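Naming follows writing order (A, B, C, D, E and F), and every chain is counted from residue 1.
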Amino acid sequence: MPKRIAAFGEVMMRLQVPGHDLLSQGNTLHYTFSGTGVNVVSALARFGHAGSLISRLPANPLGDAARAYLRKLGVSTSSILEGGNYIGMYFLENGFGARPSRVTYSNRLDSSFNTAPEDVYDYDNITRGIDAIHFCGITLAMNDSVRQHMKALARAVKQQGGLVIFDCNYRPSLWGESGYAKAKPHYEEMLRLADIVMMNEQDVMNTLGMSTQQEQREEQLKELIPLVAAQYQIPVIAGTHRSIHGDNSHSLRGFLYKNQRFAFSDMLTFSVYDRIGAGDAFASGIIHGELAGFLPEKTVAFAAAAGMLAHTVSGDTPMSTEEEILRAMTRSAGDVER
Amino acid sequence: MPKRIAAFGEVMMRLQVPGHDLLSQGNTLHYTFSGTGVNVVSALARFGHAGSLISRLPANPLGDAARAYLRKLGVSTSSILEGGNYIGMYFLENGFGARPSRVTYSNRLDSSFNTAPEDVYDYDNITRGIDAIHFCGITLAMNDSVRQHMKALARAVKQQGGLVIFDCNYRPSLWGESGYAKAKPHYEEMLRLADIVMMNEQDVMNTLGMSTQQEQREEQLKELIPLVAAQYQIPVIAGTHRSIHGDNSHSLRGFLYKNQRFAFSDMLTFSVYDRIGAGDAFASGIIHGELAGFLPEKTVAFAAAAGMLAHTVSGDTPMSTEEEILRAMTRSAGDVER
Amino acid sequence: MPKRIAAFGEVMMRLQVPGHDLLSQGNTLHYTFSGTGVNVVSALARFGHAGSLISRLPANPLGDAARAYLRKLGVSTSSILEGGNYIGMYFLENGFGARPSRVTYSNRLDSSFNTAPEDVYDYDNITRGIDAIHFCGITLAMNDSVRQHMKALARAVKQQGGLVIFDCNYRPSLWGESGYAKAKPHYEEMLRLADIVMMNEQDVMNTLGMSTQQEQREEQLKELIPLVAAQYQIPVIAGTHRSIHGDNSHSLRGFLYKNQRFAFSDMLTFSVYDRIGAGDAFASGIIHGELAGFLPEKTVAFAAAAGMLAHTVSGDTPMSTEEEILRAMTRSAGDVER
Amino acid sequence: MPKRIAAFGEVMMRLQVPGHDLLSQGNTLHYTFSGTGVNVVSALARFGHAGSLISRLPANPLGDAARAYLRKLGVSTSSILEGGNYIGMYFLENGFGARPSRVTYSNRLDSSFNTAPEDVYDYDNITRGIDAIHFCGITLAMNDSVRQHMKALARAVKQQGGLVIFDCNYRPSLWGESGYAKAKPHYEEMLRLADIVMMNEQDVMNTLGMSTQQEQREEQLKELIPLVAAQYQIPVIAGTHRSIHGDNSHSLRGFLYKNQRFAFSDMLTFSVYDRIGAGDAFASGIIHGELAGFLPEKTVAFAAAAGMLAHTVSGDTPMSTEEEILRAMTRSAGDVER
Amino acid sequence: MPKRIAAFGEVMMRLQVPGHDLLSQGNTLHYTFSGTGVNVVSALARFGHAGSLISRLPANPLGDAARAYLRKLGVSTSSILEGGNYIGMYFLENGFGARPSRVTYSNRLDSSFNTAPEDVYDYDNITRGIDAIHFCGITLAMNDSVRQHMKALARAVKQQGGLVIFDCNYRPSLWGESGYAKAKPHYEEMLRLADIVMMNEQDVMNTLGMSTQQEQREEQLKELIPLVAAQYQIPVIAGTHRSIHGDNSHSLRGFLYKNQRFAFSDMLTFSVYDRIGAGDAFASGIIHGELAGFLPEKTVAFAAAAGMLAHTVSGDTPMSTEEEILRAMTRSAGDVER
Amino acid sequence: MPKRIAAFGEVMMRLQVPGHDLLSQGNTLHYTFSGTGVNVVSALARFGHAGSLISRLPANPLGDAARAYLRKLGVSTSSILEGGNYIGMYFLENGFGARPSRVTYSNRLDSSFNTAPEDVYDYDNITRGIDAIHFCGITLAMNDSVRQHMKALARAVKQQGGLVIFDCNYRPSLWGESGYAKAKPHYEEMLRLADIVMMNEQDVMNTLGMSTQQEQREEQLKELIPLVAAQYQIPVIAGTHRSIHGDNSHSLRGFLYKNQRFAFSDMLTFSVYDRIGAGDAFASGIIHGELAGFLPEKTVAFAAAAGMLAHTVSGDTPMSTEEEILRAMTRSAGDVER
């Protein structure tokens, strides 16, 4: 049965130099609109759920374009407020092989989303009837006011019986110097509210300051995740291990920890077309598996396949249907589909 | 010595989303015109033969564009009639790695070609002086009227001493339910008329209902093809085995059965840029080898290399000259040619 | 107060050669999705109403792209059924000055919309709560089955107190030979159901067979429209007179007949960027004026300005907000807006 | 009845900066292949004649692309020799309004056409069965070797009863200093061979050194053209007067002098999309009118309309059919054609 | 003799939707870099002077692209400091006819230029050897820190004998509420420092609060400009009157007030391709005329023609050479230049 | 400390068919301007040096565009003379996998650079203050006049204490028949003047006629390079060994011979996006290492990484900074850089 799922997060304008040119070589940009919340909710809409975004956009042509784009992705914009002056932007220069991609941000802190005044969202109304709500660690890094909205929304959803999903997504650069100390209490607060958490052992070490004697990533994972689940009473924790190869291909393996048990997907290796947003595809697969009552093994395999397919599509936002992901789980590369 | 070669077949408009976008992501399409007959005849024109298409196109801007495009490919349009209202179309969304390409057809049965009335082609005039004529199983699947034209043209060419070439190209979806029973008699009729047949062991099993105890494709091939050649008195049967890898590369091996002997090409493995139409390049290589009197080993190697190169060029239609194919047969990947 | 407005109509894929090239010159197409109903409902959504389309689209990548595009336009797709195989298409080659634009249709009668079976729309459910519904004469020309859906939907809306809007839009080529005789009874049935009708004196003569001794268009209009309004009991009739100049500019004058009185807009003369769909912009302006309770003079001026602005935007679908149209009504061509 | 028409002339590669950018602003070029002979013969092919070009192109990818493009235009390439190393090119920057377009040539004198050796064309064979042959003053300006081919071909066609068409097209810059003295004998030789000449009073003054007391262009024309016709025994002389307005529009009036009588077209004023090659469209209209036996008044009106329409199409080469031109002669700017 | 000319101003990234699409319709942007100072200095570089910009850009890919673009325009970047985080941006949607163009700004106040710390420019070093420096009222509107840099640079140039040029360019929206009171003292300070001022009667009324009884713009101009010149001891004041027509054309007339005398250009009417930055072209024409010692009548005619031509070129930045402008002054619209 | 580095060489216009189309398939070209000297000097400018080109370009829109492009690349154009009529061009069709790229040249010998008269460069002035000058074997192959300029410039730089850098770059096709005999004395003269030479064992055999008994490339290198260094008294010789794989990847290993010692880089294997110009990136890395006083091992590793990165960027010209190259030397393929 389809669920009503919301996400709270910023809409970013992505401005990408076509092909593999640098900004100083090209003269055109391809633009789309995305954001962790946008990506997750859009992917879930593609799986048949009703997805909406709680956010704020300016009442100008850029805001109009963002709203139109979100509707196109299948995301309801009825909880997106109008106000503020700017939209966050990032410029993307695609790398190639040995040359990494580069992302350059515009002034994101002045965006309509990040300057939303305290009383602007009507938490109770906006969360009414929502089955699950998604938050992400990038939003948590923005400023006190955004953090306040985030926690209030989490509490409102929880209070009326909905699930809280939290993707740790720790980016040190966003927290500035001594970011760890600044970040930890906020992460702890969100973890305590959360029912499903996206996190791996590195997030644990970075955001909660835990450490381990283990040296292998998998061993670290198996030691730390159960500790976190226990300490913050988190029913489900999921995440990935990724390795990057020199030939434009990546390997990805997903895990899901639930009921004191780990489930792992196969290690998938695949050619990468557009890396950004693939983590959100994995998260959406986990959420869908949980909402649909898949067994953990199926959920994590579904999520890993969703993540893999998201690397083959342009843009930040996953575009695969449940059927396409299920097909990708069971067979190897295929010929043209006619 | 150059030959006069005709093909009977539909001209399709190919509408491709650029890059690797889905139709729901993009807003532009790249269009070309192709078709099995177009591809084979155009490839043979590039080898120095005089190629023409027997077909039917509407007298409207789409038909004009198709005719202009065919002329550009070196295909004579003097045997293309004007009439009917529509041109068949297909939309192509390029896959990437783990995500397969998708083809969506428009209503092809109402095309000018597939609605050609019974008396519209003057079989004798249109085939006068033709050294060889090419047909394909896709055309055979269309409707009774098209099948009737096809067989009448084959007989007309045969009568005046030309070769009949038939590419089995069995697509189950085109024949509908219990397609096999519907298809078999037509396939048998064409096989009996044919001098050169493109077919592998799967086509044999699908269209003629033969079976084998062998489990390896190569063993199946070696058992079934000689049976077919004997039963239908086919001088030359050729075809390929293809395997598809996860990293946008394919492997291809060609065979040629003639005078009770198999000749095989090397197994070629190569990166794929545009997969559609590569089978027609292989067929054109076989036809050219036969017309030019190559030894079977050279013919099948030439055809396989032609097939390989066709995967490296955009569009359905092969673009390589004889010289380029011969060069590709003898050397490995080269540096820029200046 | 925003209204809930539906339209019943086909979604067409528009495939346009960029710039002013012919299909036989270019190799790319720009695609969008439109239709009279799409255009009107999207324009009304831009004015703040809730707009939805009642239609049918195939469950394939083309149908997906159409639905995504409609959502982007602000049109609810929840009343668009899945089924059938094809989407109607038209190819557009832009003219320039002395060279007219050309439209070439694909096989529209086999579209999912035009092949919708009799029992496929649940008329009562689908029209529940709708304040107004829009139909157009192009749809009326399709086939009996579509006409049956159209009239049943009109009756269902009327029964529950909603308005019926009918745009005559008579295209002789769609009705075939002796089209008038075929069309008249259907037009009469729709006129009797309608509350707002888009029609000018030529439509009256073409569809109802009325005639007049007057020779000037304006005199013909003033004679015929009141007769039609009286005979079919139509509260509001509106339409335009257009003249086309050699320098890529048009002149347009709108009229509105209501309560036995004509209101006329100024004659507007303006440069034309994209002519298609501008009539739908005028209709949406009339509908909005009526729904919003504007005086007739304001309504027709608003509609004419909406029509004018629609000529300045690419694509069939109007993109102007109420504010932009009101501004265009009151001032001359302006400098860059910063 | 369709005629066989050849032209002798160079194929140029046209490299155009898209839109209205300068070469120092843009980074892409749109390329096509044209030339006076190409344009005239292609236009005549569109009127139903069989057109071919006598020329020479390099055996390299540029030559291949040129041949493919010419075939697309409907021009037979069977009389185009392979040889030499280069293709002539010109770069086009579109002007706008007050800013004129700019053409920059590459080294045209080293092109395959302009370096064709003396014995390379088999004049008799190549002109066998040709009803008319077209030459142009630009070719005449190239070098002695090209002029020798030109005159030999003219004589060969004349000898076997075909018509010789000569377009004066005098460009002073091509003849260098004291160009007039250099050009005159060659022009005289061509005029004596010609049956149809494209020329106006300025060409007369520039190439033949005639003068007049008249000050109005029309008076000059009426005085000089009959003198030239008499002196060189030219059955038909035709040409245009053009005036250029500030708003991207031009006015054009054609004349035809035959049997001691002038016929004039209306003065046509129209918006200009692509000015280059429009003179060739006028010439092709005159030629077609003469070949088809139109009355002089119809011929010149047809040619003027052909010229007008050629200004509305991108590229040097006219794209209109006889039907489209006839329609443009009889009616004013029209609405979209569906 | 070429001069060394600097400008102090912000570099803006211009992101333009191609053609006439809205941001919510398109998906690509064309980007360039401009700014009043950039435009003026680049235009003067094209006239043969050595132009440089004094500014500040971030040390990131956007800053790199801006610097590369400025070098391409012929502007020396050796006085552009590295620092800060952002570049100012604006999005441009081209209008058409009755629909005005729209400009949407990003957060310009946080740009590297507008956040330059107090001691960051070494005024004396940076202005050494400069013959003239250009400032603009937009920069003056930014903040106190920028204003301080502006005035210090003006004084530094003046002290070493260079000219100070000030373009009033008053935009009310940039000064906020009661902007006039805020702006006036700064404008007065700049006017007292300036040798050449770009200003018309509206700037006088807006920035200095002067008023007049005259109702005609020309009369107002003739009354107010001499008063300002006298009061602030300004040797040269120049500016334009512009009127905007409905058919994508504008009219422009320039004036120059010097030695108590007005010189006026003809009223020029022309089609507009890209309106933005045309005022800077006029300014550059005035500056060049003054530096080159043209008579006032020639200077203002040259400047008006420079302004006109700048409307015919894409982008904010004038692209015409002195020779092209002189040619445009003396003749009407011309044919293709070969 | 940044150095002043010049190069003497031709500016070529590169016209590339986008994607992987052939010239006969496409209709657009992407153009840039490059050349060995341009590439080397631009790369060095990116490393912080002051780079300029000594060359000659026509005074027309193509020359203007070339100069603008070079400025964009950071190359000073103050030593580029105006004169002559043409710019050298080459057309590039990108290969794919098994299909090699193709380069087609226009008539390069008539370019402004290759037709520069004897007395056109003021050798002493133009080389004043230059720390190093770069030449290449392609230039040496052009004609006597260019060779004379080359040697005179080399001597002028040497005389005033600057370094002479010579890249052997032997292309047999440029020297024509018995090219070796023609080339040898010129190569010897340049080697005697040179301080840094780019050359590998094949260049030694091709240009100097030396031979070796060794069969392995590395052994040949180790035998021949020391001989050349001794015979011509060359302080530094560097070069690469490249192998090309079938999957669009190459392997590259650099060497540097100095003070009777070889230093080798690791063998780097990487995906190739644009192969042309990568040798110039290696050369620029060697030059920078030498100018900056790196140890030989660091220099050759830096140069190899610079070469590798140049294969990942579109266009002939390297775009990497010193920092980016140093990063690529120390780590494997990375994730997106934010």
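The working rule: a residue touches a chain if its C-beta (ideal position, glycine included) is under 8 Å from a C-beta of that chain, and two chains touch if they have at least 3 such contacts.
This one's a predicted model, so the numbers in the text were calculated from it and none came from an experiment.
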item: Copy pair subunit A, subunit F: interface residue numbering same or different (half cut); value: different
item: Option in D-E, E-F or A-B whose residue-number contact pairs overlap A-C by over half; value: E-F
item: Furthest chain, CA centroid comparison against subunit B; value: E
item: Between subunit D and subunit A, distance of the C-alpha-averaged centres to the nearest whole Å; value: 63
item: Chain centre separation (subunit C, subunit D; CA means) in Å; value: 46
item: Centroid spacing, where centroids are CA-atom means, of subunit B and subunit D in whole angstrom; value: 42
item: Residues of subunit D engaged with two or more neighbouring chains; value: 22, 24, 27, 68-69, 72, 102, 247
item: Complex interface listing, subunit C residues touching subunit B; value: 15, 18, 22-24, 27-32, 60-62, 64-65, 68-69, 85-86, 89, 91, 93, 102, 104, 106-107, 110
item: Touching residues on subunit E, where the partner in the complex is subunit F; value: 68-69, 71-74
item: In the complex with subunit B, residue positions of subunit F that touch it; value: 19-22, 24-25, 95-103, 105, 171, 173, 242, 244-248, 275-276
item: Subunit F - residues contacting subunit A, complex; value: 72, 247, 249, 269-273, 308-309, 311-315, 319-320, 324, 328, 332-338
